[in-house]
Amino acid sequence: MPPSGAPACAVCHETRAWRTGFNLQSGFLIEASSRSMASKTQVGFIGLGHMGNPMAKNLIKHGYPVIASDVFPESCKELQELGAQILDTPADVAGKADRIITMLPSSPNVIDVYTGPNGILKKVKKGSLLIDSSTIDPAVSKEMAVAAEKTGAVFMDAPVSGGVGAATSGKLTFMVGGAEEEFTAAKELLSCMGANVVYCGQVGTGQAAKICNNMLLAIGMIGTAETMNLGIRLGLDPKLLAKILNMSSGRCWSSDTYNPVPGVMEGVPSANNYQGGFGTTLMAKDLGLAQNSASNTKTAVPLGSLAHQIYRMMCARGYASKDFSSVFQFLREE
Amino acid sequence: MPPSGAPACAVCHETRAWRTGFNLQSGFLIEASSRSMASKTQVGFIGLGHMGNPMAKNLIKHGYPVIASDVFPESCKELQELGAQILDTPADVAGKADRIITMLPSSPNVIDVYTGPNGILKKVKKGSLLIDSSTIDPAVSKEMAVAAEKTGAVFMDAPVSGGVGAATSGKLTFMVGGAEEEFTAAKELLSCMGANVVYCGQVGTGQAAKICNNMLLAIGMIGTAETMNLGIRLGLDPKLLAKILNMSSGRCWSSDTYNPVPGVMEGVPSANNYQGGFGTTLMAKDLGLAQNSASNTKTAVPLGSLAHQIYRMMCARGYASKDFSSVFQFLREE
Amino acid sequence: MPPSGAPACAVCHETRAWRTGFNLQSGFLIEASSRSMASKTQVGFIGLGHMGNPMAKNLIKHGYPVIASDVFPESCKELQELGAQILDTPADVAGKADRIITMLPSSPNVIDVYTGPNGILKKVKKGSLLIDSSTIDPAVSKEMAVAAEKTGAVFMDAPVSGGVGAATSGKLTFMVGGAEEEFTAAKELLSCMGANVVYCGQVGTGQAAKICNNMLLAIGMIGTAETMNLGIRLGLDPKLLAKILNMSSGRCWSSDTYNPVPGVMEGVPSANNYQGGFGTTLMAKDLGLAQNSASNTKTAVPLGSLAHQIYRMMCARGYASKDFSSVFQFLREE
Amino acid sequence: MPPSGAPACAVCHETRAWRTGFNLQSGFLIEASSRSMASKTQVGFIGLGHMGNPMAKNLIKHGYPVIASDVFPESCKELQELGAQILDTPADVAGKADRIITMLPSSPNVIDVYTGPNGILKKVKKGSLLIDSSTIDPAVSKEMAVAAEKTGAVFMDAPVSGGVGAATSGKLTFMVGGAEEEFTAAKELLSCMGANVVYCGQVGTGQAAKICNNMLLAIGMIGTAETMNLGIRLGLDPKLLAKILNMSSGRCWSSDTYNPVPGVMEGVPSANNYQGGFGTTLMAKDLGLAQNSASNTKTAVPLGSLAHQIYRMMCARGYASKDFSSVFQFLREE
């Protein structure tokens, strides 16, 4: 239930509190919490790709002056027209703004943007708040936090669930790791771009939560695909089997909300030739991160590991851009 | 909601209708349906083991004269004292009763009890209803149905979910495969022993439904154990991680109802040193049946297959009699 | 080296002793042993398919009068023209011949041909020698042996390595299980059809040896394919990598004799677009038998099980009739 | 056979050429090649742990003046007494010696020693030859090579096979990646510490070759353990089964040279309660590197991945310090 008196956004005049919603790409279903508004000082934004661009726009829309940078200058044009100041390097941004959000493709980019020769930490101001929304290895998040701390800055990881659509509509989910006393400040900014902001614990736990959820999701999806396929071969009606599973201990999100068998449910990728949704390549990437984290922490994840390999095989066999529920199609006889 | 006027049991004067309940061992959660009473003619019962004994007792309790047989004569004493007639062989039982229930440990026993030299089919009466509640390979169920049909009898498979407790309290779940027009007659008898009777389709589909559910259950359980273990290693609080998963697309029965991590939930085996519940050996047996069915139907079930192997390894390493959620303990560092 | 004085075949005047050779389809490399000739009494032969037909012809070629039967009468024509007597049923054959060889596609066929209503055991003579060369579940071999023993006959399992080519040229390898005192008699017949006859132990161990070898073969092949693929992606030259592996502890038959990477070796299926050799479907069938045997004996075979699933996936994705080394192609990027 | 005229070592007067030998820990069996001697100028050595210490001693023994450094000063005492000069940091060493060998536990150490604030590259002389014998991710080797090239130095990866024993006796095997024109210079130094020096290709391929071999080794070992275990359960004598496999297509190094079943072979860890040999922890580490490389190159390695997980499970269940062939014991019934 929403607390009465939840503050409305100063720009959109909308009370953004305690909504719940299902996010197709991520499957995250999280209560939206209220947020408090603060002074609209400059916010730095590094990484204006498919996700970063609409995220930065939402910051502008909520009244924040944005100072941005990207390795591809052409990515910055649209934002510049909306009034953002564009600088050459992350270091330059850090020299001006003391709150910075980064949204980058992978671990090496994050390492470079923070600790490289033109990186944020070269010119970062003491007390700055650095929030990385990239999905990367939690171990790299921890390294960045240590490096930031040496300069007197604070680093938090805040990977998102939700795709370009959610980024555009400001309905991402953020899973946040870092010092708890900084969470309120982080949440103020992230709430401009997301409907849900969940605090997960120390630095790296935001990444950990995302990786863990997606690993279990992949296992549940492949397991559901195998089970439905086996049941059909054994003569069961797919809809009846789904119903029995969903009443029983076989129940999971992939069986009751995102069933991979065409004809069982409507409004899911399996009903649309596996178009849209969450691509097999992206799932394979996240499972690779889970695998790396498991190797680094010496954790046995046999099914998670096999799930990774299966999505890897699918990428090699033409399923790269289909929704990850297409594993049903991959496993069944041609 | 229960339909008004649901018929009460003639013996126990209890209205058994539309109850729902969670069955610890099986995890099946199925609406109980109403049942109609019929004439209390003799019922044959073959197989008076840990499960068969209390099942046959419930038939007697509901007013059915029982004619029983078991390879171990001492198994029959208790039932004999309750008024059951004990005969030497399944064939003898089939010569007297035209409704027979069998409850046997595995496929070879079923083959012998039906088609062996002293088997049911040697003396079965035309039009008899033969219900097998053993958990066996669906292919064997089909063979038995073909053999029964040649003698003019009808065979149905009706494996159960629920252990000795549910058998004693008459709260088993039956998944039934066979000719739809015989389902009402089967349900009348099975309702004396179970709270839920679900029609699944042609012969063998009862077995198929049970096998499929338990395969997906095993995958979800191991996946949950791996994920919780990985998250803990990465610094997440187990209760918080379970909460995040259960709000998200990682959600499954093993994460939200039967969590394998001690301290996350109460009233589940993980809270009681993995005692009680559904033993690892039994799960390994069911996964073996799933594997056989998959091999026979040439279905690829990579995660189901690996789940089978993991439970097999656990049996070899001292986990045979622990609840199957103890895979969390098996996978984590000693 | 052949011992001097090895007996020559009475028909082909060829000394068939102590040869060694590599068998492409099976990969078995076994010393051929000498054999002694015995009286040329009638030999029964059940199952005149692709393998049985040339095998029975070799018996005729070696001077044995053959009495044959097959469910498909047309399969018998060719043999009949060569002088074989054709009878309607296995029982009829057993009524006339006291040495019988069976060569059938799978376990159910074997069960039927031995114990069915027109089966061998219905009319078998006391003291008959029954040799089954089908590749089936060892548990079924044991059942057949028990059933045969009740009639006073002796059953042995003798599955073959080598395909139609080896069957035609009489160069099969037989792995024989059964009473050791009967081995000499069995070997006399089998030597007419094969170059190698290996005694493995009690009934079922012939099947066990074949199943075990092929399971390890499949694991080694997939492992080699993965390793070569990974090495190539990491920048190693395939020939150099194969050389390094073959000098090292990674060495196996699939890396040094049957390398799956096109261009590394000549004269193997990978050099010929994976045509010929040992088909993926057949490997999947053998791995299914290995899996069943493992399930029945409660043995953990995690890699064997995953190998089975991978070949099953390949069958579903269009690799059914390619050589099993095509797993290299299946795993690499399209 | 050794080519006549192979140059003898100037110090030990031993002709080190064309010997072959089996290396217990690594299983590498590689021809030793001849080497040419060069001037005995100073050699830097960073990392004086269990492996680095005896390796550096062998350099001294062959007449090279050694300048060493280690993060733990006490590790340097022994070498100092042998006449080595000890400096505070890798940078200091690089300021003096233009040939440097590094032997470090893992990727982060390598990154720090080369590119950290006191790293080699801070003071490295133009034209220096930097050889890293650590076993790390090939991607990190490539990064180091790029960083070295910017300073005008040459980086090569040269991971070893062989444990402390081989390091002490100078019988390691080196797999070398890097510019081919630098191989002769590298080999001169490495030959003082190893019996075999193999050129693999561009930078990173030394690591790749080691990782690939060990991945296939792990797969073959687990496969052999499963197969032997299954065969034994099916009634085969272990020695006979090993013999049959080794004559056949199931043959591999783990079955014919390092059989994991006690009683089958002598002189291997399985004959000595799995003591000595190559520890499960080390195998798990190498499989983790293989897994990372596979994830980074998007290569599907399903069996390699499962092998990794099995060794990870073994580490968690008390097998960490046993030889990796103890997987036979892990998989069989207690």
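List of remarks:
Letters A, B, C and D mark the chains as written, and numbering starts fresh at 1 in each.
As a working rule, a contact is a pair of C-beta atoms (placed from the backbone, for glycine too) under 8 Å apart; a residue touches a chain by one contact, two chains touch by 3 or more.
Since this is a predicted model, take the numbers as computed values, not measurements.
With centres computed as the average of Cα coordinates, no chain lies farther from chain B than D.
Remark: among chain pairs A-C and B-C, B-C carries the greater number of C-beta contacts.
The mean-CA centres of chain B and chain C are about 39 angstrom from one another, to the nearest whole unit. Taking each chain's centre as the average of its CA atoms, chain A and chain C sit 54 Å apart. Each of the following residues of chain C touches two or more other chains: 294, 298-302, 306, 310, 313, 315-316, 331, 333. In the complex of the two chains, the chain A residues touching chain B come out as 26-31, 138, 161, 175, 198, 200-202, 204-205, 207-209, 211-217, 219-220, 222-224, 226-231, 233-237, 240-241, 244-245, 247-255, 257-258, 290, 293-294, 297-304, 306-307, 310, 331, 333.
Here chain D touches chain B in the complex through residues 306, 313, 315-318, 330-334, going by the rule given at the top. Within the complex formed with chain A, the chain D residues making contact are 284, 288, 291-292, 294-296, 298-302, 305-306, 308-310, 312-313, 315-316.
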